[in-house]
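Order of writing sets the labels: A, B, C, D and E. Residues in every chain begin at 1.
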C-alpha cells in the first residue's frame, strides 16, 4: 500500500498499482462507503443528552463558550495530550545545528538578515500586519471564553504573523535558544502545573476550584497560545528553511 | 522447607550453579575451573548418596514449586529417578575428568565446561522430574544446553550437526509439548505415579489417549533416536569426544528413553498401555530401530559414526524392553539404561583416546592400535563384547532379561530381533577388534608424549567404566547392583513383588573358584612387564593345581559336582598342562609368544570354568570366554590362511553364541533358574532342543555346522591344535549333555537328526580327510569323524532315554579316549623333522605314532577298543547303530593309514638340521610332554571308574573280532587305493561354500 | 488523605512522563537530562508498584474521574489487572531501556531529540493503557504514533526515514479509521466512555461498522499480517532502544485496545466468524512472519519479522476467547494466556533488539551471514539473543513457554486443535530463524574467506558491559518469568470479568 | 434529507475519496492531501452528528478542534520526513560522479 | 428549509468535487491550490453547521497552515526535480 513512495513530481505513477487494481479498489471503496452511508441513513441517532448536560454544567466551567468549556474544562485531558502531540512534532522538527552564529541575534530568537531583494510593499505591509495579528490573537484568546475563539485560533493567527515575517526575508528565527525551547513546551508545562496544582487544591487532577476556573483556563490558554504559535511557526519555518538549505546546496 | 523437600532441588543446583560460575571464570583459570567442577561433581555425588540412603529408608523427597495453577515444577526422587540420577552423577564425574584431559590447551573451555555442567543439571532434572511438565521443561533445557556443546568446535561439520540436531530436537520438543498440553487439558496435573495416572481415569476417550501417546513417543523418540527420528545422532558425532560420550551414554538419548519409560509406566500405566494396544506398535518400532541401526553401523568406516549407529540400535533395547510389557523385559530394558550407558561411554572414551593420541578416526586406521595403546584397546574390546551381549559383561545381563522377558509374554519374535541384533553387533564390532589387535600398524605412530599410553586423565575414566561394566555383569545378583535396583523398581511398577530373579551367579563352585582364577591371575601378571617372563614360563603350570585337586577330590563330597564332570575336568587339566609344556618349548622363539600365552591362559580359564560352572550364566560365560579366546590361538601364525580360518571360526562362533543365547533363554524361562541341577530340562520346548543341538553342534563339529573346523584346527600352532581338537570340541558335547533332557524325555526328531548328522559326519569326514595332503587337516577331519560318533551316541540317548545311564558312561570313555589320542596325534606332527629317514630317533617316534593310530582305530589292548566296545554295548538295543559302528572303524583305519603315509612323506621332505638328529633333540620338555600323553592315551581309559562297566566285554572274542575285521578291511582298501594312481586333487581345506562376509572398509 | 494519595497515582502515570519530557526539552545538558530521566523512570516504576499494591483494595478495578466531571461529560481513567500489568511491563522496560539509552545515545544532537520524544512516547503508552474514553484513546494513539515515527527517524539514514514516513502514513490512516469508528459510536450512543458504551451496545449495523473501522485502524497499527508491511523496516531501522520499545510496547498498546473493544466494549457485536477471521490472519502472520524472518539477511530485520510472527499469536485470542461453547471461563483462560504472552514477548523482544543493537554497534553491520565467530567477541550479546530466543520459541523454562502453554491449553480445552498446529509450527519456525543466527554465530570466524576485498572488517572491540547488561537483564527476566507465573496470573485473574461486571455499574 | 444526514453522507464520501487517494496515489504530497481529505470527512460526520435541530453539541466541536491540530501536526511531520529524504537523495546523487 | 438544504447540498457537492479533483489533477501545484480552496469551502460548511470555533481553526490551521506547508514542501521538491532534470539534460 505504501511500499512505493515518491518525492518527484514528474512521474505520474500510481503507487505501483495497475489500472485494474485501481478500478477494483475504487469499486471496493465505493461499495463500502455506500454501505456505510446506508447504515448511517438507516440507523437512529442518539439523543443529545450530553449536549444538554454540557449546557447545564456550563455555568460551573468558568467560561461561557461551551466549546472552550469542553476543551479546557470538561475534556481538558484531551487537550493536554493534544498539546503534547504538538510538542512531539516540534521536538522532532527542532533543528539541532545553528545555521548562523547566534551572536548576530538581536532578539534572542530572531536575527536580522540582509536579503538580496527586498519587497518594499511587503515590508510596509508587515509593519501593520504583525501588531495587528498579535492584537487579533490576543482578542481571539480573550474572547474564546465567551464566543468562538481560543488558544488554537489565537496561536494560528500569531503564527501567521510569524510566517509573514519570515516570508518577507528580513528576519530569521533561531530555534536553538533556550527561550524557544521554553516557549515550545510552555503550554504543556503550564497545563501539567495547573493539573498538579488542582490536585493539591481540590484533590482531583484538572478539577479547577469553581470560582477560579476561568483564571486557570486563561493561564493555560495563554501558555498554550504561545506554544501553539511557536510550534506552528516552527513547522513552517523549518520546512521553508530546508528549502533554502537545499537550494543553497544545489547552487553551490 | 526441610531438607527432604530441598534435596532434589539441591542436586540439580549442584550441577547448575557450578555451570554458571564456570562461565564467569577466565579462560586461563585452569585450576579455578577444575576446582569448581570438582566441587560440583563431589557435592552432587554426595547428595545423591544422601538421597539413595533416604529412599532406601522410605523417606519422601520432593521439591514443589508452583508455576501455574495445576502446574507445578516437581522434583521428586523415586527409585526410577535414582537409577538415572546416580548414573548421570557418576558418569558426569568421569566425563568431566576425561574432558579436562581431552580439551587441554584448547580454546573456549569456560564455555564448554559451563554448558557441560548445565547439560548435566538438565539431565538430573529430567531424572528427578516428578511430572510430565517438569520433565518437558528439563527436556527442552537439555536441548538448549547441549547445542553449544555440539557446535563447540565451530567448524562446518559441527555447525551442520548443530543445525540438524536443533531441527530434530525442536520438532521433537514441539510434538512432546503438544502431547503434554493435550494430556494436561484432559486430565489435569500429571504427577508420575508408580502404576500410572491414566489407568485410574476410565472416562477418557481412548482415541485421544492413543493420539497423545503417539505425540509423546514421537517427541521422546527424537532424543531416543528411534527410527525414523534418529537422523541427528550420527551427524552429531562432529562434537568433541567427551560430548559424544555424554550425549550417547547419559544425557540426550537416555533422556528420551527414560521419558518413554516414564510415559508408559508412570503416566499411562503399563497395563493400561497394553490394553490400548500401544505397546506392540512401540515394540515394533523399537525392534525395527534395533535392526536398522545395526545394519547402518555395519557400513560406517568412521569409528564414532559406527558407534553412533550402534547407539541408535542399543537405546531401542530400552524402549523394546519397556514395550514388551512384561516385568522381566522391563527389568531388561531399564537395566540396559545403565548398562548401555556405561558401555557406550567407554567406547566413546576409547574412540576419543584413539583420535586424540594417534589421530585415528577411521576403522581402517585402527590397525595395530592394540599394541600401541593396549589398555585403551582392552577397554574398547570389553565394552564392544558387552555390546554384542557376551557374558560376563553387563550387556549380556540386559539381553538375557530382554530375551527371557519376551518369552514370558510369549513375544517370540523379539528373540529373533535380539539374535539378529547380536549377530549384527558382532559383525560390526568384531572386525574392529580384529583390526586393532591383529593387524600391523599402517604407519609409524606419533611419538609418545606421556608416561602412559596417553594422558592419564584420558585413560582413567575408561578404565573405571570398564571395571564398572564388568562388575555390573559379574555381580549382577548383589543387592547394590543396578539389576537389583531395577528389580525393585519393576516390582513397584507392576504393583507386586517379583520373586523371580533370572540371573543367579554362583561363581563355579565355592571351593573351586580359584581353578578359574589362577589362569586369569597369571594372565594379569602377563600384562605387567616386570612379571611377564615369569608368567610366560609358568603358564602351563596354571593347570597343575586343577589337576591335583581334581585327582584327589572325592566326587561324593560335593553333590553338585558329578563324576563325569570330574573326569572331564581332569582330562582338561591334563591336556592343558601337557600341551602347555609342549607349547612353551615349541614356541620358545616365537615373536608372539606373549600373545599366545595370553590367549592360552584365557582359553584355559574358560575351559575349566565351563566344566565346573553350576548355573546357566557361568556356563555361557566361560563357554564364550573359551570360544573367543581360541580365536587368538587360531590366527596366531598371522598368515593369510590363518586369518581366513580365524574369520570363518569367528563367524561360526558368533552364530553359535546367538543360537545358544536364545536356547538358554528359552531354557531359563521354561525350566526355571538356579543351578544346573535345579533346572527342569525336560520342560524345555522343542525349539530350545533344536537350538541347543545346533548351537553346541557348531562347537562339536557336527556335520553341517563343521565347516570352520578343518580350516581352523590345522592353522593353529600345534599345541593349540591339539587342544582345539582334543578338548575344546568336547565343550559342545558337554553342552549337549548338560542341557538336553537326556535320559528324561524322548525326543525322536532331535535324536534322529543328531544320529543322522553324526553318522553322516563320520563317514563323509573320512572321505574328505583321506584326500588331504596336510596331516593336520587330515587329523581335523578325523576329529569331525570321531565327534560324529559321539554325536550319534548322544542322539541315541535322546532317542532312547532308557539307555542313557550306561550310554553316558560309554560316551564319556569314548570322549576321553579320543581327546587323549587326538591331542597326542596332533602333537606328533610337531616332530616331523625327526621322522626323516636319517634321524636317529625316528623309530622311537614312529612307534608312538603307530601306537596312537592303533588306539585310534580301536585295536585290542589299546584304549580305543574299550571305548568302542563300550559304545557298542550300551547301544545294543539299537541294532543298526551297533552294526554301523564297525564300519566307522574302517574309515578311521583309512584315515590313520593315510596319516602315517603323510607323516612319512613329510618326514622325507623336511629339511633337517644336524642338531635335530641327535638324541638330545628328543630329550626335551616337548618330547616329554608328548610321551606322557601317548602313554596316557594308551591306558588311561581303563582306570576311569566308569570303565568298570565295560572292561569285561573288551576281552571277549566277539569284541576282539569286532575290532579286528574292520581294521583289516581298512588296510586292504587303503593298499588297493594307494596303488591306484592318485589323480584326484585333494579337497581343499576351504572347499565348503564360503559364507563369509566382507570386512567393511 | 490516604484516599487522595492513592487516587493521585493514576494520573501521575501520564503526568510524570510528560513532566520528564518537558524537563528534557528545557534542560540542555546531557548529564542532567539522563539522570533526571532515570529518576523519573524509577519514580514511575514505584508508582506502578504502589498501584499494584493498592489494587486489591479497590476490588480489582480502579476509576479516576479527571476534573471531577464524571464519565459522559468528562474523562475518566481506569485501571484493572490487565492494564496494570501492561503498565508495569511498560515501566520496567522503560527503566531498563532508559539505562541502556544513557550509554547508547552518546551523540548530543540525537540525544537532544531522543529524551523528550522518548518520554512523550511513554506518556502516550501509559495514557492508552489507562484510558477509559474512546476519543481520549485516539489522542493517545496519535501521541504514540507520532512519537514513534519521530524516534524511528532519529537514525537519519534514508531507509530509516522512508520507514518512518511509511509508518507515519500508516499511523495517520489507522487513527482516522479509528476516529471514524468512534464517531459512529458517538452518533449511535451519544457517549464516549467505554464503560457506558459497553453497557449500551447492541448488535446493530452501525455498531458493527464502528467495530469494523476501529478494528481496521487498530489492526493497522498492530501490524497484523496483511497490514504488517510497514513494521519490519520501521522496527529494523530505528535505534536499538527505540526498536525495543516499538516491538515490545507500541504495537501492544493498539492490541490492548483491540482487546478492550472486542472483549468488552463492543462485545455484543462480535460474531464468531469475525473472531475466526482475525484468528486466521493471526495464523497467517505466524507462518508468514516466521518464514520471512528465516529468509531475511539482516539481524534486526529478522527480529522485526519475528515481531510480526509473534503478534500473530496474540490474535489467537479472538477465536479462543470469543468462540466456543461456554464463553465466560474460556475467555478468561485465553485472555490470561495472551496477556502473559504480551509480557513475555515484550521482555524477550526488547532484549533481542538491545543485543542486536550491540552487535550492530560492534560489528558495524548486522548481516547475518557475516556474524561468524560472534560467540567469541560478543558472548554477552549472543547470550542475550539466545535467552530471548528461548522465550520466543516457547521453550521451557521461560515466560514464552508459559505463555504458549496457556495458549495451547486454551486452544485444546476449546477443542480448536488447528490453532495448536499453527502455534507449534510457529514455534518450530521461530527455532529455525533463531537457530540460524546462533549457528552462524558459533562458527569460527572464517579466515580463509579473506581473499576478497575486506570491506566489512568489523571493528571488533567489545562494547562496554554497560551496554550489554540491560539486554541481558531483560532476557533473564524473560526466562525468570517462566518460574514465577503465579503472581502475575493472580493479578490478572478475573480482571476482564470484573471489568465487564463493573462496566455497567459506573454511571 | 436533513442537513445532518447530508453532511454525514458527504463526510463518508470524502473519507472514501481520501482512502482511495492514500492508497492509489504515489506522491507523498498527494497522499497527504488525501489523508487530510479523509480527516475532513471524519470531521464532517462528527460535526453533522453534533447537530440536533436547535441544540448543538459542543463536544464534537472540541473533538474536531483537537483533530485538526493533530492532523496538521502529522502532516507537518510527514512533510518534514519527505523533505529530509529528498535532501539525502539530492546530496548523495550530487556526491556520486555521473 | 429546502433552500437551506439546497445550499448545503451545493456545498457538499462542491467539496466532494474539489476533493476528487485535487486527487485527480496532474499538476501537483493545482492539487494543492484545489485543496486550499477545498479548505475554504469546508470552513463555510463548518460555519453552516454552527461550529464557529472549528471554522476559525479550519481557516487558520486546516486550510491556511496546511496549505502553506504543502506549498513550501512542494516548491522544494519541484525545484529540485526541475534542477535534476536540467542537469540531466545538460549532461
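Note that a residue touches a chain if its C-beta (ideal position, glycine included) is under 8 Å from a C-beta of that chain, and two chains touch if they have at least 3 such contacts.
Please read all numbers here as calculations on a predicted model, not as lab measurements.
**Q** Give the chains in contact with both chain A and chain C, ordered by label.
**A** Looking at chain C and chain A together, the chains touching each of them are D.
**Q** Quick one: which chains contact chain D and chain E both?
**A** Under the touch definition, chain D and chain E have A as mutual neighbours.
**Q** Quick check: more C-beta contact pairs at B-C or at A-E?
**A** Comparing B-C with A-E, the pair joined by more C-beta contacts is B-C.
**Q** Using C-alpha centres only, name the chain that sits farthest from chain B.
**A** Following the centroid criterion, the farthest chain would be E.
**Q** By C-alpha centroid distance to the whole-protein centroid, which chain wins?
**A** When every chain is reduced to its C-alpha mean, the one closest to the whole-protein mean is C.
**Q** Measuring from the mean C-alpha position of chain B to the mean C-alpha position of chain D, what distance in angstrom results?
**A** Inter-chain centre distance comes to 87 Å.
**Q** Roughly how far is chain A from chain E, going centre to centre by Cα mean, in whole Å?
**A** So the centroids are 18 Å from each other.
**Q** How many angstrom between the C-alpha centroids of chain D and chain A?
**A** Comparing mean C-alpha positions, chain D is 15 Å from chain A.
**Q** Could you please state the distance in Å, as a whole number, between where the Cα atoms of chain C are centred and where those of chain D are centred?
**A** So the centre of chain C lies 27 Å away from the centre of chain D.
**Q** Quick check: what residues of chain E touch more than one other chain, meaning two or more?
**A** Within chain E, the residues that touch at least two other chains are 28, 53, 57, 61, 65, 69, 73-74, 76-77, 80.
**Q** Can you list every residue of chain C that touches 2 or more other chains, as numbers and ranges?
**A** Expected reply: 135, 139, 142, 146, 149-150, 153, 162, 165, 169, 184, 186-187.
**Q** Hunt down the residues of chain A that sit against at least two other chains at once, touch-wise.
**A** 1-2, 5, 7-9, 36, 40, 45, 47-48, 50, 54, 67, 74-75, 78, 82, 85, 88-89, 92, 152, 232, 235, 239, 242-243, 246, 250, in rising order.
**Q** What's the complete list of touching chain pairs for this entry?
**A** A-C, A-D, A-E, B-C, C-D, D-E
**Q** What residues on chain C touch chain A, complex-wise?
**A** Within the complex, chain C touches chain A at residues 4, 7-8, 11, 14-15, 18-19, 21-22, 25-26, 28, 64-69, 72-75, 109, 112-113, 116-117, 120, 123-124, 127, 135-136, 139-140, 142-143, 146-147, 149-150, 153, 162, 165-166, 169-170, 184, 186-191, 204-206, 209, 229-230.
**Q** Help me check something: in the complex, which residues belonging to chain D touch chain A?
**A** Going by the criterion above, the answer is residues 4-5, 8-9, 12-13, 15-16, 19-20, 23-28, 31, 45, 49-50, 52, 55-59, 61-63, 65-66, 68-70, 72-74, 76-77, 79-80, 82-87, 89-91, 94.
**Q** Would you mind writing out the residues of chain C in touch with chain D in their complex?
**A** These residues of chain C touch chain D: 135, 138-139, 142, 146, 149-150, 153, 156, 158, 161-162, 164-165, 168-169, 171-173, 175-176, 179-180, 183-184, 186-187, 192.
**Q** In their shared complex, at which residues does chain B touch chain C?
**A** Residues in contact with chain C: 65-69, 71, 73, 108, 111, 136-138, 140-141, 143-144, 147-148, 151, 154-156, 159, 162-163, 166-167, 170-171, 173-175, 177-178, 181-182, 184-185.
**Q** Of all residues in chain C, which touch chain B in the complex?
**A** 373, 375-376, 379, 386, 390, 393-397, 401-402, 404-406, 408-409, 412-413, 420, 424-425, 427-428, 431-432, 435-436, 438-440, 442-444, 482-486, 489
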